Amino acid sequence: MFYRESGDFKTTYAKDTQTFPIKLDRMGYYTILAIAFVVIPTMLVMNVGGGANYWTNAILLPFLIWAIASIGLNILVGYCGQLSLGSGGFMAVGAYASYKLMTSFPDLSIFIIVLLSGAITAGVGILFGLPSLRIKGFYLAVATLAAQFFLVWMFNKVQWFYNYSASGQISAPTRSVFGFEVTGATASAEAKYLFCLVLLVGVAWVARNLTRGRIGRSWMAIRDMDIAAEIIGVAPLKTKLSAFGISSFFIGIAGALFFAVYLGAAEVGEAFGIQKSFLLLFMVIIGGLGSIFGSIIGAAFMVLMPVLLKNIMVGQLNWATDIAAHFEFVFVGALIIIFLILEPHGLAQLWRLLKEKLRLWPFPH
Amino acid sequence: MNATAESYVTEDGRTIGAPVMEMKNITLKFGGVTAISNISFDIREGEIRAIIGPNGAGKSSMLNVINGFYHPQEGEIWFHGEKRKPMKPYQIAQQGIARTFQNIALFKGMSTLDNIMTGRFTHMKTNMLMQAIWKGPAEREENLNRDIVEHVIDFLEIQAIRKTPVGRLPYGLQKRVELGRALAAQPKLLLLDEPMAGMNVEEKEDMSRFILDVNDEFGTTIALIEHDMGVVMDISDRVVVLDYGKKIGDGTPDEVRNNQDVIDAYLGVAHD
Amino acid sequence: MTATVIDGELDTFPKLLARNAVKFGNKAAYREKEFGIWQTWTWAQTKDEIESLALGMLALGLNEGDHVAIIGRNRPYLYWAMTAAQCCGAIPVPLYNDANAEEMAYVLEHCGARFAIVEDQEQVDKVIDAQETVHGIDEIIYLDKRGMRKYDHAHMNAYEDVQAEGRAGHHRLEPIMQERCAALNLDSTCVMLYTSGTTGRPKGVVLSNRNIISAASSSSGFDHLNASDSVLAYLPMAWVGDFIFSIGQCFWTGFCVACPESPETMQTDLREIGPTYFFAPPRFFEGMLTTVMIRMEDANRLKKRMFKYFMDHAKKVGPAMLDGKTVNGGDRLKYFIGNILIYGPLKNTLGMSRVRVGYTAGEAIGPEIFEFYRSLGINLKQLYGQTEAGVFVTQQPDGEVRADTVGVPSPGVEVKINDNGEVLYRSDSSFVEYYKNPESTADTKDADGWVATGDAGFFEESSGHLRIIDRAKDVGKMSDGSMFAPKFVENKLKFFPNILEVVVFGNGRDTCTAFINIDLNAVGNWAERNNIAYASYQELAGHPEVYQTIKEHVEEVNISVAEDSMLSGCQISRFLVLHKELDADDGEMTRTRKVRRRIVEEKYSDLIEGLYNGATEVSTETEVTYEDGRKGSIKATVQIEDAKTVARKAKAA
Amino acid sequence: MSANFFYTIEVIANGLMTGVMYSLVALGFVLIFKASGVFNYAQGVMALFAAMTLVGIQSGQVPFAHLINVIFGTHLDKFGWEVPTFIAIILALLVMIGFAFIVERYILKHLVNQDPIILFMATIGLAYFMEGFGDLMWGSEIKKLDVGLPQGGNVWLESATAGWADGFYGFYLDNLDMWATAIAIVLVASLIAFSNYTKTGRALRAVADDNQAALSVGISLRTIWVIVWSLAGFVALVAGIMWGAKSGVQFSLSLIALKALPVLMLGGFTSIPGAIVGGMIIGVGEKLFEFAIGPYIGGATENWFAYVLALLFLVFRPQGLFGEKIIERV
């Protein structure tokens, strides 16, 4: 309905394959960026409505961080077709890596620390990805549970990882970027928000670049038909490992942020248990397998939905929190099933269909 | 080099060169079953070489041996004058051997364009970092290869379905896209496993034309399996006939047509 | 009226090319969708391409005054070939690329082409076939190398190879080209175009630079065309209109010509390019409207109602707003909302959202169809013209657009009506002569330069606009002496989406009758929705429900025809739905899809007889030509149906 | 013979019995996977749900009491009666059969031709749903399950074997574990008998081999699915009773059931004997590992040992112990 594409034609391949080939989409994208980078931080600084901390902690930070993780998992599951249930464990690697780096190198910029944590996680991810050459489908999914349980156990039992603290917890010291504190108790809401936002945009940009070209196509080729992929020269192990590596890199970044920026202090079993692996998988499924945009809206959905349910059931209806929590399970479970039945490609596909409708408007097809 | 290795010119003016691929005494067994037994034949540069035979004759197994899915227990494979070591299929692809499948093996989740772009995989070299940054070498490489792919699309006359997901295409077009993917690799040797299976007469004619054009325009060496005898005899330069894993005939279409063993095999004379 | 003065510096196309290469050097001149994107050539590049080809052809021995046949679909390379031929002092002759070998052979023979520049193997084969009877084609230049390797290349070259040779030899050849270009002037032949001719063999219309450049310059001025405009070239290159738009006006104003990827993708390409200047025959607009309506049929009810609501409003105020008349604020607001919800998206999907000037011509357009596009805010206008006039005879100025007139005389054109009611014109753009056909030239163009159009018409007194009734020779009298204007009725019927083509008979008879061709697209769609199975056009055409629908259309038209006292005798009393589509391959239509009335009358005389002898059905057998040129025949029993007519009103005193 | 040797024996015996319990859950997976190709992640939650239902019925709980209370302001809790164990088991079984119907009707039917991986993810969704649903229905507090099985260590065995070596205080084996082992063996035997000697059982096996073949026998695929899901529900109920009696009915029960996954990977997804042997290996392996190496690396190695073992095993034998060799067709 709102699309006016006539006359918007492409004269080069670069323009033909740009991320937002339609002008209106491009404008929408820039508008969202402007809101995210200017409007929201301004509102946080001015503390509009008085709930800057609540909004940041309950919605903005979890959304940004989970979106990063979700993009990571989507690369592995949605693009490369390798189902993983070990994401919680990989997030824990990112978190503990960042903790060790922060405490070992106090002068290192948190930005570098986060990236390094991602890199370390990538290494661990590749290690656990090795069996993927021989194991396929849900055999692999179960195998990734090994990563989940082993890693959580390791961070729980090996005291070196939590610097021998008595509580077994890790807690993030204050660290800053360009003079702005982004971790620790004194960091401001807008600084944390912007830090995570920059990383999300960066991750999304890299993910888009990787998935649009040679590597992305090799992932999808492995996903769609591994035998045919091999026949045109795609080396299966290398390709799968690259997906494991990139995926874990992003998940590791998310893990580091989740601990250092969002939680501040964490205990591995609670913060990075298997429930987190499933949560992330649900984000990817509901958002849309094989779509970066889907990963982001999937994360938004799974972050917002419980907040909303809780607000309605506990806030409005005065139900006990445990009933609300049970409802959340029922709701999420049903939603997953409904999505898989009706639209296995998730919200992103719904969005695509809607867009297609709008582009054809007023015609139905 | 012996006399048979010399090149010659066909009636329609194409130059057929020395053998690019030689299969020497290949034997392939699955457990106790012998799928291919002591078969030798060669494929010459620039020719269209057909492999025919009744069902279960070992034709597909032969293609699978050529591109490394199966490793024969005995025998040697010589490619471009060198004896080939045991290799993975993707390494063989990198050597310049592409193929299509009997049952379409396209990447269902991708568009026609992306499927064919995937065929360029072995020709694209930018590393992960460059890909992540995109601007610069990766984008340049992508656009350069897009141009090559677009020529393939133009060649196969599939412009109108460029951005259609392949899953939505009718069978005949899917076959064409699969050929496009193999062509995009600019292979030295192109293997076609029943390229015309399940097609109607018109589609078969189109496909034959494309195969001949590929061979003619790009000088691509082609080895194909096909059931339609009429098509095989029309388009191929030489034919090798397999039956029960054994070679029973090898030569020009005319020679093969008059070979008594071949006639017996096709008329269903009992094997003893 | 005075003719536009042509600057002496710009009296030939090579000179215009040189000017554009300097003035618009980096601006897009030609685009073509190829290899997935819009390949673009600037004017500077265009000049280089054209000159390289010209030099290459000189090297191949192209002489002054030679004819160069150009065969293929709309492609920049082939447009360049025309100018390249001019640069060599030769005369380009574009041919209809869908013509069969026989038709092509005739034209090649008639113009005596020495060179043929063709698109691909298919056209090469046709030319080679023609060479069996036609001698004198010395060189063939082909564009697409595919499949050409095995051909004998003694007198055959690839386009790019010719260009390469031209580039290589430019030191040697350029002076020759300069010399040839310098020898050209206003009166040199610019192009030779073959009219499709509703009767007889095609005639070669010789058009000079004076003709083309004056037509291009005055028409560009008329609609304020400029270098920022763009046009989609998709109509046959052999048609004069395409030549004027894609070469004449393009070179004159420097605007951009875009060529579609293939005929099948024309709609998509139109949508992508979104031209600002657009020409299409009524048939195109009609087909497009039919498609719109069919596609809307499947929409949900809310959308359908919204569509109807806003389209009704658009009909009410849209044309008035386009003409700049005053419309009240509420209606404007409603139109504005409609524009967001319906008109805008609709124009966008049709590729018309940027159209600033749109023309239709060739035949009358249905008022509903015409109004539909105008109500959307598309400035669609009518013009009246012909090959011999360099297209323009009359055209509608902005703000004075109506469905039933064809506008005022174009700048520099004088128009008069002779005693027989036939329209005549005189202008700088009027053709030089018919090639090798002085008799026809004399028949058409008198000593004073007045050209007879063969159409009957009159100037409306109130507006000064010309109205065309019909072909002069087709306007006849019925047995009671009242006027018989078949086109008038046919057009009214053709405005129904279900009806594709109509032929009305009645000259010298008591009553009028008609042959009708249904639109397989529209009727087929209707049949599908109503679960009516049909195996062929013939079966669908004979379906009783189809007949019933057509009958309703005919009766509706009869009522409207009856309102015009002069023509009320032309109501259709009996009709039949023809068992096959009228087809150019069978000679029933011209390549531009005009009905060849005489041939239809001869071929279906048994059916006409049935229409007048009261029979309810007639069995017939018809010869048809298949796509591959084979002939066959189809048998059918055609139903004849009566239609209600309205009693004639008393003739106005 | 040192005490350590006997302790090792004891560990192995305990491991074997735990392994049987794993096998019990794994059996449910195998049944469903063989017949419908669905890898049912929800099997563990099904066991939990079955156990909760059993306890709820037994103790006369009002279903959805909490929910009804918050919505209508009532104070429902229990009906005030207690249902005899045997009848409660029958009722719980009926609930599980009803559940099988619902799963087939509302989920499987719509996912017939989907990728196995999609079906797998759907069962994860199902697991979530059931977990929340079970909590809503019966409340989420830890419940005690008592079906009359003897609890505690077997005193007789302990005292009879005490003193076999210096510092050896006798074999400590749990009564319940022994009962569970016995029941599991009976269950497995009857399942094997069922699938070999009944018409339905043979049909199930036919489906596992070839869908088309089964259709030609004249049994609708949908009926088969209901049957296998009911069977799996039955197995889940048994497993739920055993595990529930041992460690109470609570959320962690569904996690214990996850252990069945590595068992399956070892044993192969399609093999009933595989599930049993795999369970034994995992049970014994993890107990031995914890006994021998656990103390040196911080203990609690049961959390991951099974998975890592299965992972390593699979790398070398992707089809599992008893699975058929996977031949890739081109």
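Which chain is which? They are A, B, C and D, in the order written, and residues in each are numbered from 1.
Going forward, a residue touches a chain if its C-beta (ideal position, glycine included) is under 8 Å from a C-beta of that chain, and two chains touch if they have at least 3 such contacts.
Model, not experiment: these values are computed from the prediction.
The chain pair with more C-beta contacts between its two chains, of A-B and B-C, is A-B.
Ranking every chain by how far its Cα centroid lies from the centroid of chain C, the top place goes to D.
Centre-to-centre separation between chain A and chain B, using Cα means, comes to 42 Å. For the pair chain B and chain C, the distance between C-alpha centroids works out to 47 Å.
Our note on geometry: chain B versus chain D, Cα centroid distance of 50 Å, whole angstroms. Spacing of chain A relative to chain C, judged by their CA centroids, is 57 angstrom.
Chain C has residues 36 in contact with two or more other chains. The set of chain A residues that touch two or more partner chains comprises 12-13, 227. Contact with two or more other chains is made by residues 69, 101, 146-147 of chain B.
Interface residues of chain A, counted against chain C in their complex, comprise 1, 3-13, 15-16, 360-365. Every residue of chain A that touches chain B in the complex is listed here, in rising order: 12-14, 17, 206, 209-210, 212-215, 217-218, 220-221, 223-225, 227-236, 242, 246, 290. Here chain B touches chain C in the complex through residues 12-13, 113, 146-147, 150-151, 153-155, 159-160, 162, 213, 216-217, going by the rule given at the top. Note for the complex: chain C touches chain B at residues 34-36, 146-147, 149-150, 261-262, 264-265. The touching residues of chain D, counted against chain A in their complex, run 39, 66-67, 70, 107, 110-111, 114, 116-118, 120-122, 124-133, 135-136, 140, 255, 258, 261-262, 264-265, 297-301, 303-304, 307-308, 310-311, 314-315, 318, 328, 330.
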